[in-house]
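Here's the structure we're looking at; comments come further down.
Per-chain residue numbering starts at 1, and chain names A, B and C are given in the order in which the chains are listed.
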Amino acid sequence: MIDLLLQPFSYDYMVKAILISALVGGVCAFLSAFLILKGWSLMGDALAHAIVPGVVLAYILALPYAVGAFFAGLLAAGSMAAVKHKTALREDTVIGLIFTTFFALGLLLVSINPTAVNIQAVILGNILAISQSDMVQVTIISVICFAVLALKWRDFMAVFFDESHARSIGLPVTALRIAFFTMLSAATVAALQTVGACLVIAMVVTPGATAYLLTDRFERLIIMACIWGAASSAIGAYASYYLDANPGGLIVCLQTAVFLITIIVAPKYGMARGWFVRRAVRGING
Amino acid sequence: MTGQDVIKITDLSVTYSNGHCALDGVNITLHTGTICGLVGVNGAGKSTLFKSIMGFVKPSQGSVKIHGDIAQKALKKNRVAYVPQTEEVDWNFPVLVKDVVMMGRYGHMGFMRIASKADHVAVENALERVGMRAYENRQIGELSGGQKKRVFVARALAQGGDIILLDEPFTGVDIKTEDSLIALFHDLANEGRLILVSTHNLGSVPHFCDEVILINKTVQAYGPVETTFTQENLAKTFGGMLRHHRLIGDDLHDDEDPRGLTVLTDDERPLVLYGEEGGEQIRKLNKKGRKRTT
Amino acid sequence: MDSLYTLLVEPLTYDFMQRALLVSLLIGVVCSVFSCFLVLKGWSLMGDAISHAILPGLAAAFVFGIPLLLGALIAALICAFLTGFLKDHSRVKEDAVMGIVFSGMFALGLVMLTKIETDVHLLHILFGNVLGISRTDLVQTAVIASICTIIMVIKRRDLMLFCFDPVHAGVIGLPVALLSFGLLVLLAMTIVAALKAAGIILVIAMLIAPGAIGFLSARSFDGMMMIAVMASVVSCIAGTIISFHIDAATAPLIVVIQAALFMIALAFGKRIKQHDDQAIATG
């Protein structure tokens, strides 16, 4: 029995996949604590799709894929800002328009140059067969992001909670904002390898939202989100060995299922509590 | 002095599904030919009362009758028109002024909403009436604050009902525009419509309303402005929410005159009461354009 | 003359190209008509969410042997109602709830498709395949697309009023809840119609870009819709024919051409900020 449970750890590729997934899951969860409170969930999704042409181009030109992703992300963010500035279109329209266009550009590049890239790996993730160089990139990105966030999370919180106050106490607001979105793009790039472009949004939203149902204190929210983000990613990757299914899909299924359970049973903000309270009130009144 | 009964609200209570009780035991009968102000703090049930008249919320008790019909049935007969707050409208929407006014006619049109000759005439008349005929081909975002309001009043006119509900009509318009809108509302009331205006702008209430409803979950006071819109009733309605300034004798002037000045304000134009302690009269700041139907 | 023939007519001598052109035109029209409502209602994220969320519906439809359209429709409605329900009953913001629900459903679909032997080809659902459209697919798409287009064109004034001022719509006695539900069902049907040709992600582009182009170019709703449809039709024809010549994927090319048209609208549109307002105010 124990042997069976430990079996995945005897394979090098499984150990790597579990560790990398946990690392990326933790970083994305850290960011999710901020994203859900600011209502920026769509941003994570948009960035994940918008960087696809950069990744494709980087593979075609044999550059590190993170470099291509970074420039594509930058270009997409710039285009969104420009279109938003020039038109009266709603923000969600602008974001939707730009990210799908970039994505289409990526697919077009692949269709013209089909041999260089495994597009399915970009869209759906490919953690079990990650190449050595990709793995190094993901590790470096994740460790740097995590370090910056762990050291500076109070500054980010101050900026996002009350920008004028942050400015008044002398925090470099603009620099911190840029730093945050750079890290979001970087984490998105990393998560592309584990769950793929379509499911990045879950990684940068779900763990934070789950923790948000359980606590009112931001510090605890971050800790819970990170632990759960890392744990769910590790478990998803581990389970893919037995279930023989796409690890990204399993990770996100697990996260969503736990979110749905939490939303019902959470002690203070769960739906079950509301039902019990109402029943108790009715009992007292009646 | 009052016209025919149009809206009859009997013992109306509304409780939302989350258990919040927004209205409790409201009894009012409103008449044609009047402008009626609906005054209360935010959350006092102003918008719930509007929604009840428009049939959007289900009463947990009591009823709203419009010309004897329940609200939903009255809507089908195009009895009620609603003029939204300026902030609620998407001014970037690609519609022209005449398109917006034509929307008032949809209830009269067939399945495909194809405008007949009569619909076009109604739209032209309504635009003429509010003085916006020259702007009919403007996109709505290209208008000034007062013009925007007029377009939606024109839509209510084109619709042809005799009840017009206005939600905070004076936010974001200057005093001059406000005066011209008030003159327009008086004309419309004189033609036999009921105009119900929700506002927290206390200062303009005696300025243009014939009747006033003071509301705080239930009706605190209802009747002609002169007798209803008193300091006592306002204090009862607003509780501690009202800012209250009283200026007496020396604060006000250098002679021996003992009379004082009381200024009550929610957050906008203050209501000015002037006279002996306990016997203050409402000072009407502007009486022009007042022709009461009798 | 000869070169023009090679350019335009030669591709259409092939059966599969005729079908591809026809199907892309059909979905181009239905998507562009819908895009006007989507852009004005602010439902772009909803389009994104629903197109992803139908994946488990397609897989389940195959398992239970029901029509794909029905499975997709049920999944779309589950996504929309679950989002609304969870938003109303928790403290999490709407955008986050929507993101969680659709990504969770997409992940579920992904796992289902890898575990179940189906003839639903994952890559085709993700990216679409205009050139691989069969005769049955064509008929199916044509039926769904035509029904949706006809309903939307006939009821465009009610739907437009619903987007513009739902309160007024209610006051004059229109069935607002039915319009909202109807728009949701039409969205799901449109996505299903476009799925085989454009795929889950690019259908969002086809559901946003034409409406955005029309929004920037027209001052009235009917004008917006006409421009949206024209832009979409032009992109679909150009995309299909050019993709034949340069041997590229058709749907991405259509989307890229639409983006180019959007940029033209951005440069010359009637309703670009500032310049336009002032020009009319003074003129």
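Rule of thumb we're sticking to: a contact is a pair of C-beta atoms (placed from the backbone, for glycine too) under 8 Å apart; a residue touches a chain by one contact, two chains touch by 3 or more.
What you are looking at is a predicted structure, and each value in this text was computed from that prediction instead of being measured.
Chemist: Hey, which chain is the most central one here, using CA centres?
Modeler: Measuring from the global C-alpha mean, the nearest chain centre belongs to C.
Chemist: Which chain maximises the distance between its CA centroid and that of chain B?
Modeler: If we average the C-alpha coordinates per chain, A ends up farthest from chain B.
Chemist: Can you identify which chains form the pair with the largest number of contacting C-beta pairs?
Modeler: Going pair by pair, the biggest contact count turns up for A-C.
Chemist: Return the distance between the CA-based centres of chain B and chain C, expressed in whole Å.
Modeler: Computed from C-alpha means, the inter-chain centre distance equals 42 Å.
Chemist: Please tell me the distance, in whole Å, between the geometric centres of chain A and chain C computed from their C-alpha atoms.
Modeler: 26
Chemist: Please report how many Å separate the Cα centroid of chain A from that of chain B, as a whole number.
Modeler: Spacing between the chain centres: roughly 49 Å.
Chemist: Could you pull out the residues of chain B that touch at least 2 other chains?
Modeler: 92, 141
Chemist: Can you list the residues of chain A that touch 2 or more other chains?
Modeler: 88
Chemist: Find every residue in chain C that makes contact with two or more other chains and list them.
Modeler: As it turns out, chain C has residues touching two or more other chains at 215, 271.
Chemist: Using the touch rule from the top, collect the residues of chain B that touch chain C in their complex.
Modeler: Residues 54-56, 72, 75-76, 78, 80-82, 84, 88-90, 92-96, 99, 103-104, 106-107, 111-113, 138-139, 141-142, 155, 159.
Chemist: Can you tell me which positions in chain C touch chain B when the two form their complex?
Modeler: Contacts found on chain C: 40, 154, 157-158, 160-161, 163-165, 167-168, 170-174, 214-215, 218-221, 223-224, 271, 277, 280-281.
Chemist: Sort out for me which residues of chain A touch chain C in the complex.
Modeler: 35-36, 39-42, 44-45, 49, 83, 85-90, 92-93, 95-97, 100-101, 103-108, 110-112, 119-120, 123-124, 198-199, 201-202, 205-206, 208-209, 212-213, 243-246, 248-253, 255-257, 259-260, 263, 269, 271, 274
Chemist: List the residues on chain C that touch chain A in their complex, please.
Modeler: Result: residues 39, 42-45, 47-48, 52, 86, 89-93, 95-104, 106-108, 110-111, 114-115, 123, 126-127, 201-202, 204-205, 208-209, 211-212, 215-216, 246-249, 251-253, 255-256, 258-259, 262, 266, 269, 271-273 of chain C touch chain A.
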